[in-house]
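Below, subunit A partners subunit B and then partners subunit C, in two separate complexes.
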Partner chain A sequence: MKRYIRLYFHFLRFSFSKAMEFRLDFSFRIIMDIIYYTVNILFFKVIYLHTPMLAGWNENQMMIFVSGYLLVDAINMTIFSTNMWWLPYYINKGELDYYLIRPVSPLFFLSLKEFSANSFLNLMMAIGFFTYSLNQYTGPFDTLDIFLYVLFLLNGSMIYFCTQMLMILPVFWTHSARGFVDLFYSLGLAMERPDRIYKGWLRVLFTFILPFAVIASFPARFFLEPFDWKLFVHTAVVTVFIWSLMLFVWKKGLQNYSSASS
Partner chain B sequence: MNWWRHVMAMEIRKILAYRSDFWIIFLGQTAVQLVIATALWKSIFETQGTIQMNGFTLPMMTLYYLIVPIGMRMLTGENIGFISREIYDGSFNRYLIYPLSVFQYKAVTYLTYSLFYGVQLILLFSIYQFTMIDVTPTLMTFVHLFEGVALFLISATTYVLMAMLIELLALWADNIWTLVVMLRFFTSFFGGGFIPLAFFPLWAREILVFTPFPYLVSLPVRTVMGQSSSIEITLGIVVLLCWSFFFMGCVALMWNKGQKNYSGVGI
Partner chain C sequence: MINVQNLTKSFTTHVKEPGLKGSLKSLIKRDKKTKFALNGVNLQIKQGEIVGLIGANGAGKTTLIKILAGIVHPTSGEATVLGYKPWQRDNRYRKQMSLIMGQKAQVWWDLPALDSFILLKEIYQIDNFTYKKNLEFLSDTLMIKDQLKIQVRRLSLGERMKVELMAALLHNPRVIFLDEPTIGLDISAQKAVREFMKNYQVEFKPITILTSHYMADIQELCPRIVIIKEGQFVYDGSLSKVQRMLGDNKVLSVTTEKEIFQLEVPRTELSIKTKEIFENHNVLDLNIQDPSIENIIESIMRNGLGPP
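For the complex of A and B:
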């Protein structure tokens, strides 16, 4: 474990020095994410011009949810996104070989090697907006509620990562350029809407099969509403299932990997 | 000279190279965006206890969000980096010795994607028309569909010029894909791709009229839905052409200035 932590600090150092080589790109990415955050906030601001409540939440409560999913997005953009971008390329070009022969877990190495230093500043901004939303929130809450909310959001980030991996790993079989990652980005929209808007089969889809609604909406419900054991068990089951499924597909994919001739 | 036919045929072969992926992604993306938007608006309509909001009923809203994702794909084509990537790796050299303008070539490759998605829009619309006949707004016809697709192709031409302007910044900057993503955000949000512009405050709509965004997304979508008058469509085409000429001038200016920076060996 110690070795992995030390290794991760090396990743961080390399990523920061690499990011500083391209300063203009560094600034562009910050501006891009600011625009992304603004557009997301404006989206709900415009909707609340026409309705006082959405999925049982008022605007104040919705901003808590929005700040939550922006935080999940920022965590994933910072820690995983660059690695996810390169993974199909490594698989198709046979460059996975270099990672398979190293004396560390290939999954650890390939998922965490590139820390996106540019997005790190945006993560700070997302934390800023999260804090601002909490300040604006008039409902009752204490430090434990915030701690639990953050914990559930971190768990949401893990579900987000596993789902993204599950959309990329078919590359082992299809050898397409990006797997189904474009579809994943479209599905990501499901995370950005409160889970109560999904009814019937759509609810089953987004809370069990492709659990995007569990990522940020469930944590927001833990924070905004009285603790619900059913919701807690649901989150735990989905987390364990999707993590195991991702590991299973990853192992199967590696068995199917035909090295440089892929 | 019908070189563009060969270029288009080549691009279509590229699009269809991974057929299963292509159809899964295309149908998946369209369906996902449609069902999520419909679920959201259904919830809003139910909360408000109304059947119409700002001129939209729920079936009209559903149709709106069926057209938007395909329309956006017609606009934004397939590739971020369709010029910059080649500037960065030095392969842009080949266009300098082609016996035709690089920008014409790039515009044709880009618009092939738009045309292809236009055909898909017609296909999906036909399915929608036959399956949702009882809830389809009566104004919608195939004439409006073809008008809307044509308008989307004109707006895609304007958009490709805007994208070229940004892509050419690669002659100065290290990495520009983020700027193209920003352009997509702006076009989608201020064009009415996320929420119909009818829901924006009046002051915002009055400002947006002076930008190309409403003509890029909202106008073609409303045209497909049969909600635009002939005058609006004509005015929209004139505005889009004006913006296109403006951006064409900017692209020419940037290329004249920027080609001196092009090393031909990549970075």
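For the complex of A and C:
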């Protein structure tokens, strides 16, 4: 474990020294991120011009949720996204070879080695907005609530990561360029809506099969509403299941890896 | 110790006729075809031995190496390296093994080599003392000390290969797979890599499997060779034996006033043939040589070994 943390620090060091070289990209990202955040916040602000309540939350509560999923998004963008972008290419082009021969978990290596130092400010902004929303929140809460909320959001990031991996890993068999990643991005929007708006089969889809609603909406409910055992068990089951499924598919994929020849 | 028993690797591919029509057809019905990259091969290699693996492109050399390095799972058969099944990817095995592919880089492109080395130190848990000692030794013998602080992508191909070798040997591997380490290098860089590997083998005695299309590499480094053709071994034995087996011929290179030509003649007919040549031509120069390894290998790959 300690060794993996040390390795991760090396990844960070490399990423930052690489990012320093490309300053233009750096400033572009910041502008893009500011636009992205503004659009997300305005979207809900506009809705609340027309209705006082949405999916059981008022505007004040909704901003807690919005800052939550923006945090998950920022975590994904900084920690996983670059790695996820390259993974299908690596699989198709036979570039996994050198990762498979190292005495280190290749999954760890491949999903974490490229920290997006460029998006680091994005993460900072997300944390800033998160703090601001908590500050503005009028309901009762204490430090433990914040701690648990962050913990659930981190768990949500893991679910997000696993879901994304499950969309990429079919590349081992299909050898298509991007797997089902595009599907992931279009459906991924489901994460950015409160889960109560999903009814019937849509609810089954987004809380079990592609558990986007579990990523940020459930954590927000833990923070905003009285503790609900059913919700907790639901989160735990989905987490354990999707994590095991991802590991299983990963293992099967490696067995099928044919390593395109040089 | 490497022990390979009846190892087979097959791929299923489907055949597609060219053009859009073929593509549409393959949407509905696919002719599946099984291709054997390796077809029941057996191999034993002792500690300290270096073996040259020779074969045409697509003969199965790289597949064998990738199975032994634990990258690819075999379809059937057994293989153990140092007592481990490679494709189970036991960390204890991976710490003692190294793979160098001439066509795939393992050091980070955008970083100086030393940065990559530090990461490898962490990955292989090399202690400070060993790391410093090996770094010193490798950079001295490869004469590449000054280039280690330069971004790898700014290095020449030869320097990059040396850096790759360093990266692969920092952790004192007991098993080394060298897949075309000299590909694309100029003559002097090829020679440097070859010399280095030769000395390294003598000093550290790892198990080494080397593939190369340059016969000079094989001749210089490998007393034992394995020739592979369409997934099967057609020869496994000493290099000198191959030379002797097919070496009953001599090659005559003749330069006359009009032309230059080569003639392969059995040793026993040598004097008669030369006489003939001198009688029929106005000879300026005549050379009698053993056939080159290239010729021998090529003839084995084309015709098999023939009667012993």
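What we mean here is this: the second predicted complex is superposed on the first by the 260 of 262 C-alpha atoms of A that agree within 3 Å, B and C clash if a C-alpha of one lies under 4 Å from a C-alpha of the other, contacts with A are read in each partner's own complex, and residues count from 1 in each chain.
Here, a residue touches a chain if its C-beta (ideal position, glycine included) is under 8 Å from a C-beta of that chain, and two chains touch if they have at least 3 such contacts.
Being a predicted model, the structure only gives us computed values, none of them experimental.
Novice: May I ask you to decide whether A:I101 touches subunit B, subunit C, both, or neither, giving the answer as first, second, both or neither?
Specialist: Only subunit C is touched by A:I101; subunit B is not.
Novice: One more residue to check, A:L187. First (subunit B), second (subunit C), both or neither?
Specialist: Once the two structures are laid over each other on A, A:L187 reaches subunit B alone.
Novice: Counting touched residues of subunit A, say whether subunit B or subunit C comes out ahead.
Specialist: With both complexes superposed on chain A, more residues of subunit A are touched by B.
Novice: After the superposition on A, what does A:L7 contact: first (subunit B), second (subunit C), both or neither?
Specialist: Once the two structures are laid over each other on A, A:L7 reaches subunit C alone.
Novice: Have a look at where A:K18 lands relative to subunit B and subunit C in the superposition and call it first, second, both or neither.
Specialist: A:K18: touches subunit C, not subunit B.
Novice: After the superposition on A, what does A:P226 contact: first (subunit B), second (subunit C), both or neither?
Specialist: neither
Novice: Thinking of the overlay built on chain A, is A:P140 touched by subunit B (first), by subunit C (second), by both, or by neither?
Specialist: neither
Novice: So, does A:Y36 touch the first partner subunit B, the second partner subunit C, both, or neither?
Specialist: A:Y36 sits against subunit B, while subunit C stays out of touch.
Novice: Return first, second, both or neither, reflecting whether A:Y257 touches subunit B, subunit C, both chains, or no partner chain.
Specialist: After superposition on chain A, A:Y257 lies in contact with subunit C alone.
Novice: Which residues of subunit A touch subunit B in their complex?
Specialist: Answer in residue numbers: 22-25, 28-29, 31-32, 35-36, 39, 42-43, 46-47, 49-51, 53-55, 174, 176-177, 180, 182-183, 186-187, 189-190, 193, 196-199, 202.
Novice: Spell out the residues on subunit C that touch subunit A in their complex, using ranges where they run on.
Specialist: Touch residues, subunit C against subunit A: 11, 58, 62-63, 66, 69-73, 89, 91-92, 94-95, 97-99, 101-104, 106, 108, 110-111, 115, 118-119, 122-125, 179-180.
Novice: Can you list the subunit B residues touching subunit A in their complex?
Specialist: Of all residues in subunit B, those touching subunit A are 18, 20-21, 24-25, 28-29, 32-33, 35-36, 39-40, 42-44, 47-48, 53-54, 69, 173-176, 178-179, 181-182, 185-186, 189, 194-195, 199-201.
Novice: What residues of subunit A sit close enough to touch subunit C in their complex?
Specialist: 3, 6-7, 10, 14, 17-18, 21, 94-98, 100-104, 255, 257-259, 261-262
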